[in-house]
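Each of the next two complexes has subunit A plus one more chain, namely subunit B in the first and subunit C in the second.
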Partner chain A sequence: MSDVALGSARRPFALRFPSVLVFLAILSIFTVVVTVLSEGFGVGVISTSFVKTLGKTLCLCLVALAMDLVWGYCGILSLGHMAFFGLGGYAIGMWLMYARTEIIVLESLAAAELPPTPEEVSDGIATQIFGVVGASEFPPIWAFAHSLPLQLAAVVVVPGLLALVFGWLAFRSRVTGVYLSILTQAMTLALSLHLFQNDSGLRGNNGLSGLQNLPGLSDVPQSIVSMWFFWASALALGLGYILCAWVVSGKFGSVIRAIRDDEARVRFLGYPVEAFKLVIFTLTAVIAGIAGALYYPQAGIVNPAEIAPIASIYLAVWVAIGGRGRLYGAVIGAAFVSLLSTWFTGGQAPDINLGFYTIQWVDWWIVILGLSFVAVTLFAPKGIGGLVDVFIDRKSPDRHGADLGPDQGALREQEAEK
Partner chain B sequence: MLRIAAFLVACLTWMTPASAQQADAPIQQLLQTHSEILLKSSRRTIGPAVDALANSGLPEAQTVLERWQNKEMWVDEDSGLFVYAEEVDRDTLRIFDFADGSEIGVVPDDGFDQLKPNSGIRGMIGTALVQFQLSDPDPANRATALDAIERGAEESHLAALRASIPTEQDEALLQRKMRLERLLTIRYGQTDAERIEAIQHFDGDLGVDVRAALNPLLAVRVEAAEALPEDPDIGRVLQPGSEALSRDDAYALLVSADLAQPRISRADKRAALVANIDGGQVAGVQVATLDTEAARDMAYAALAEQGVVEAVATEAEVDERVANHVFFERFIGAPPEVVVAAQLALASIENKVALNQAVDLSLDALSLASIYFLAAIGLAITFGVMGVINMAHGEFIMMGAYTGYVVQLFIPDYTLSILVAIPLAFMVTFGAGVTMERLVIRWLYHRPLETLLATFGISIALQQIAKNIFGTQARPLTAPGWLDGSLVINDIVSISYIRIAIFVLALLFLALFLFVMNRTRLGLEVRAVTQNPRMAASMGINPDKINMLTFGFGSGIAGIAGVAIGLYAKVTSEMGSDYIVQSFMTVVVGGVGNIWGTLLGATMVGFLQKGIEWLNPSNTLAAQTYMILFIILFIQFRPKGIIALKGRAAEA
Partner chain C sequence: MSTLLEVSGVSVSFDGFKAINNLSFQIADAELRAVIGPNGAGKTTFMDIITGKTKPDEGRVVYGDRGDSLLKMSESKIAQAGVGRKFQRPTVFEDQSVFDNLMMALKKTRGPLAVLFFKPSSEDEDKVAKLAAEIGLSGALHRKSGELSHGQKQWLEIGMLLAQDPRLLLVDEPAAGMTPAEREHTTDILREAAKTRAVVVVEHDMEFVRRLNCKVTVLHEGSVLAEGSLDHVTKNEQVIEVYLGR
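Presenting the complex of A and B:
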């Protein structure tokens, strides 16, 4: 593991963490290859829809990074990060939907005898957007939907603020461990139930749709737009990786890992544990929001089902399968599992005919995923990332994935070193 | 051959008046008076004929109405006389005289026309018949008549009802008649005094019919005037812009009363401007500048000055007009004294209704609490006592419910199938729980986060397997017939038997839990193992076995809860996940490791949810949202739940 930073403080960041350089190199090569093979800018081997799938996967890797930071490094098993992800999507989706509808409404009003008044335009947009839920007026939360900068700010501010308030309340009253997990799950459930209502102001279970069309750029084909989003996602993932690697390096990183391993001991040493946890929780929520804001324009639709607690559970599954407590593990897990999921549930995987029963992967993939998750938890707590250890010859005793700490079965510090 | 037949028909026709019909009997004369509209048989014009028959006081009128209603009234095409008839066969009638019910003869139906009242007319006849039926010797007919009055009362019924009361022998029918008489008096009574007296009789009566009778008396019409009139029938004064009367409505009222100029809608204003575009200008204003409502207002005002369009009120004028008038409600349903009496009666009724609604709501909340308790009691064992967090608990509930469904496929008798399903569900989920404990959970004791993750994986897999086997649509789990229906205490308070059964089941489980934990060897060993496994082991208890059994016990109870929940809700593969968060909340809010805490937690969650639903009845999703938010906040203030363990038990 390359995150043990003690004793090497003077060397440059990149040299201390070669895995960051390796990761960035792989990511750049991958981006270039996809660009060359794409329909929009290259030879056209990769279809536009697959470019979108890859772009979405990069966003999922980014949110998995955030999950790894908060869970793998800080020990907070949050079941709410996909909610922050969804909120980011909603924030950008509001602008996309508003701006696109505004163009349509202005076009239809341009043919009229009188130049349109602001009231007519606003009424027209509201009727178009909220017709499906039987409303024709803008709810207050759409007050900033006309402005791209403000909605971009909302991508960061809304998840961040929610995480800040929720985290402050939860950490302040020393809710930890599974209780915190259940509490975050409850928060996610409450949020998705709220969004499912038609009078939530966000179109109830219809969600926001048509997000793949960028306002004002209707002439640009989707093959080009998909590449723009792919590059943006790759850039965000690269920057996110550097940020996360930087956060977990140095003293700050040591403290949050210490909190994961023994919170009480860190508190006795005089560190403000709650503040550290709050910073990590909020920061990762913001990263999740940004990832969501990049994801949903590629997916085209965001609805409350995306925020349901099960989505956050899958996020934990990805990180666990990839290997938590190492940043590249989260990326590998998210990419591997989500691409495999797409393959299996997309109906591309061949059905297996057993004679008496035909295994259809669309139906059985989730079962395999769930059970392999159990298997990973039990037998391979390091996940896929653990394979890297085999290559770089890092061995540690099998403690069923226990963290460092004084608990029964936990990893001793000297064992972890070698 | 044909000729012979024709001759026979001719003979028959000639013979028709077998016995003379009494053409001058009073009933026949009455029918003849209205002959024209009777034959026309139109719902709109038939009224006078029905009324005349009903109010004639003739003893034969009832027969006429009944026969007419049954489409047995015929008219002789030649003489125009009305008779009633029975069809002997397709072409032949046996006709009778209305006057004395005597048979006139058997005749071919060629010379007769059947009166075919449509359903609307039959309804009117039925209403008219009621007064005859009220004194019918058969109590069943009298009850039918009362039912008819309850469905659609008319003014004429009041007199008939009053007339029938003194002769009524049946006590129950007499009560109904008197109650109905008072209700009709409220509506149609001649003098205010008798109406008020009738109203006062109903103080605190919960019947829906009473409120239906009283409410129209309080009907109001909103009026506007420069100053408040001093009439006695003025209700409350309304403030424009308040919830009861919006500013727009207030102004619309003034407009309709010709007290103000009409306003114009945005679309109409636009249309008026468009209609008056003249060479790129409207009233001298360039069209291109009309891109704000203010500019359009000015252009419209200019048009109005030119006299091209009607002048309309500006916003300032609207404000002024509304401010200069006073808006008030005038009672139009009844004279003021009656209104006062009705208000008093309604107020007392509403108090009682509110009280009963509170009782009803509490019963609802109690049954919801029982459901949460049922869902959570298994968790209280696995999570509360053992400290094992089992996210697949909801799926055990689902497995129990599906077990019930499968049992019903094989045993069609619902009572028997439930009796079989309950132990079977326990066994199935007990087995599943023990298997899971052996294979997964025992490797993960003391690592709650990993347990959480692994059981999540199991939960996902189990859910999908159920979906693959049973499909995504909801499966029925039918309750036995004796659980159908509900216990009705009065018009407001009622509770379905199935909810009572669930409540009883929850109490049984509570008793079972307490008995097992406090009074049996197993309970003692469970408590010993959870407090200190090593000490328990040195006392000869096998902690592995105890853990396995305890986990199985908790899972088994979840299975039984699944059968109960399936009876009341739908059985789907996702039903478990609907309850899992609430179940954990129930356990956490109540206080981990204490069954009374779970009970309190379930009660609190149930009452809270029903309370929030009552505040916002249209939206159960919102109720769940707010309840979860409340629980999150509650945990802030009592992180250990309502009942926090103290001392050695807390450290275990």
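Presenting the complex of A and C:
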């Protein structure tokens, strides 16, 4: 049976998937290098704001992994995963804002002759937080905002529960392909429009701000705090990568890839397709929520615009440009495109003066991104991750253009491995 | 021999076109049955109804020892209950290896969590290797199934069906695209399988049906036209008219 044992799932996980080790090694080296060059713990070549950019990029890589799992491996083109990402940010943001405002209010009330009653404190915090939307009372959804453990639980539970309910409704009605994408986008749009309202209880279009300040740690400079979040983001990305690689490696991975390529056939094998989709959809929503909870304290602010459908479309674009259906492709795509996007839209890219017209990258970057998305889809479906194939001698099969299955999300010829 | 599947009085119409019209059909626990009929006789719809893909407008489909109604079950539940199906066109998961295809088909708990924590035992791997040998794909275990020839894909799909270990096997035109030698092998496998389970073979090719040497059901315009041995049904006036006449 040596031939069978060759690809056996009983060999150690790391040996069967050397790419996981390579990825973790690169991530570790990157983390050490950034630490050594940082202002907080090293020589100070990298500014604190750039450390934050890098930390945020790691979070975007994590949510891109989730997107690759749900789209690249299971064929569900979700255009709503940035909503789960945003919800994770809101969940942690509520505690950050509450706890910090509480400290400020307690300090200001300490000068009073009588010790403040709990109601006075609560009203003081509410006025501080909601004054901007003309309210002075806590909405019910802030009931747990005083508790870090509960809000941390919300980071996982809220996106997970929303995905579970939404997915259950959508999948059991057998909504697939483009229609499912539209449905997820509608969910995202509805959520963002709801949050835009002042009486949504989450400060309307102001969103939650000041999230970069950790309550009770105001003495710690941002150069240190930024590194804490950078490390946490790197750790989350590493663990997320291992988790995703493990999920797609075994029989579960076989089944979800089979669902991507030919869903009806999987049903006739006896697998409850809807349950598998629901597990993947919910799991990836939770990963997205965690990524968001690490991202927004580094960004400092979360507002409804972050949840707008365009953000989720960007996410799909990153994964497509990086290379769908391979985990490192998603990471490469998210890192490359989001960093490039920061560079172009941050005003660092020099304008090009054509004499009759000046190309300003802030406006034109989106056009470039759109064109490259179309170009990648048409001419290089493997994406940037496909460059790796040149080194590891991975080839695509010759199928004369036929996809690997009848379903819409099925792998395309060039994306597949021979 | 007790009845495994009983279809009675089933009708289904698509936009007014009656694909199946008051069809009744029975098959016993260990029986081989050939279903023949001209194009449009309702053979594929008949299989769709049993496997839960199409819900009939009326009629009953009762299966198994407890007489469960298949009409209330989802496709995956029906498959779990032991109904396996082979499609006309070979449908295997082309992006995955022969080994993975067979391992996925192997009879095991099908729930997502059980699958997530599944680790194949050496017995499972031996079973897969044995099946691969039976279908002549031992040397191709780690090749992507998309690379296989048409005939090999047919074999792989038959292997996946055997791996599922179904009680009722529905096979749609198994011999299509096979060489005479492969056809003979297919006949052997189907007859062997029918010793322990019910096997329904839908086929166009009379020569292949003759080699199966079993009871034949002739479908026409969505209902049973004749039933019996091949010699018996081919002598039937109506059958001759449907197949040869007009």
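Note that in this section the second predicted complex is superposed on the first by the 393 of 418 C-alpha atoms of A that agree within 3 Å, B and C clash if a C-alpha of one lies under 4 Å from a C-alpha of the other, contacts with A are read in each partner's own complex, and residues count from 1 in each chain.
To be clear about the criterion, contacts are C-beta pairs under 8 Å (C-beta built on N, C-alpha and C of every residue); 3 or more make two chains touch, one makes a residue touch a chain.
Please read these numbers as outputs of a predicted model, since none were measured by experiment.
Contact with neither subunit B nor subunit C is seen for A:164 once the two complexes are overlaid on the shared chain. When the two structures are aligned on the shared chain, A:247 is found in touch with subunit C, with no touch to subunit B.
Within the superposed three-chain model, A:224 lies out of touch with both subunit B and subunit C [touch as defined at top].
For subunit A, the partner with contacts to more residues, out of subunit B and subunit C, is B. After overlaying the two complexes on the shared chain, residue contacts for A:214 are found with neither subunit B nor subunit C. Shared-chain residue A:301: touches no atom of subunit B or subunit C.
Judged by the touch definition given at the top, the superposed model places A:269 against subunit C, while subunit B stays out of reach. Once the two complexes are overlaid on the shared chain, A:258 sits against subunit C while remaining clear of subunit B.
By the touch criterion defined above, A:310 lies against subunit B but remains apart from subunit C after alignment on the C-alpha atoms of chain A. Judged by the document's definition of touching, no subunit A residue lies at the interface with subunit B and also at the interface with subunit C.
Taken together, the subunit B residues at the contact with subunit A in this complex read 266, 270, 273-274, 277, 287-293, 296, 389, 440, 443-444, 446-454, 456-465, 467-468, 577, 581, 584-585, 588, 619, 621-622, 624-625, 628-629, 631-633, 635-637, 639. Subunit C meets subunit A in the complex at residues 51, 53, 74-77, 79-80, 84-85, 87, 91, 93-97, 99-100, 103-105, 110-113, 115-116, 118-120, 122, 125-126, 128-129, 138, 141-142, 144, 146-147, 160, 164.
Within the complex formed with subunit C, the subunit A residues making contact are 1, 3-10, 247, 250-252, 254-255, 257-258, 261-262, 264-265, 267-273, 275-276, 278-279, 397, 399, 404-405, 411, 416-418.
Note for the complex: subunit A touches subunit B at residues 75, 77, 113-120, 166, 169-170, 172-175, 177-179, 181-183, 185-187, 189-190, 193-194, 196-197, 199, 309-310, 313, 316-317, 320, 363-364, 366-367, 369-374, 377-378, 381, 400-402, 407-409.
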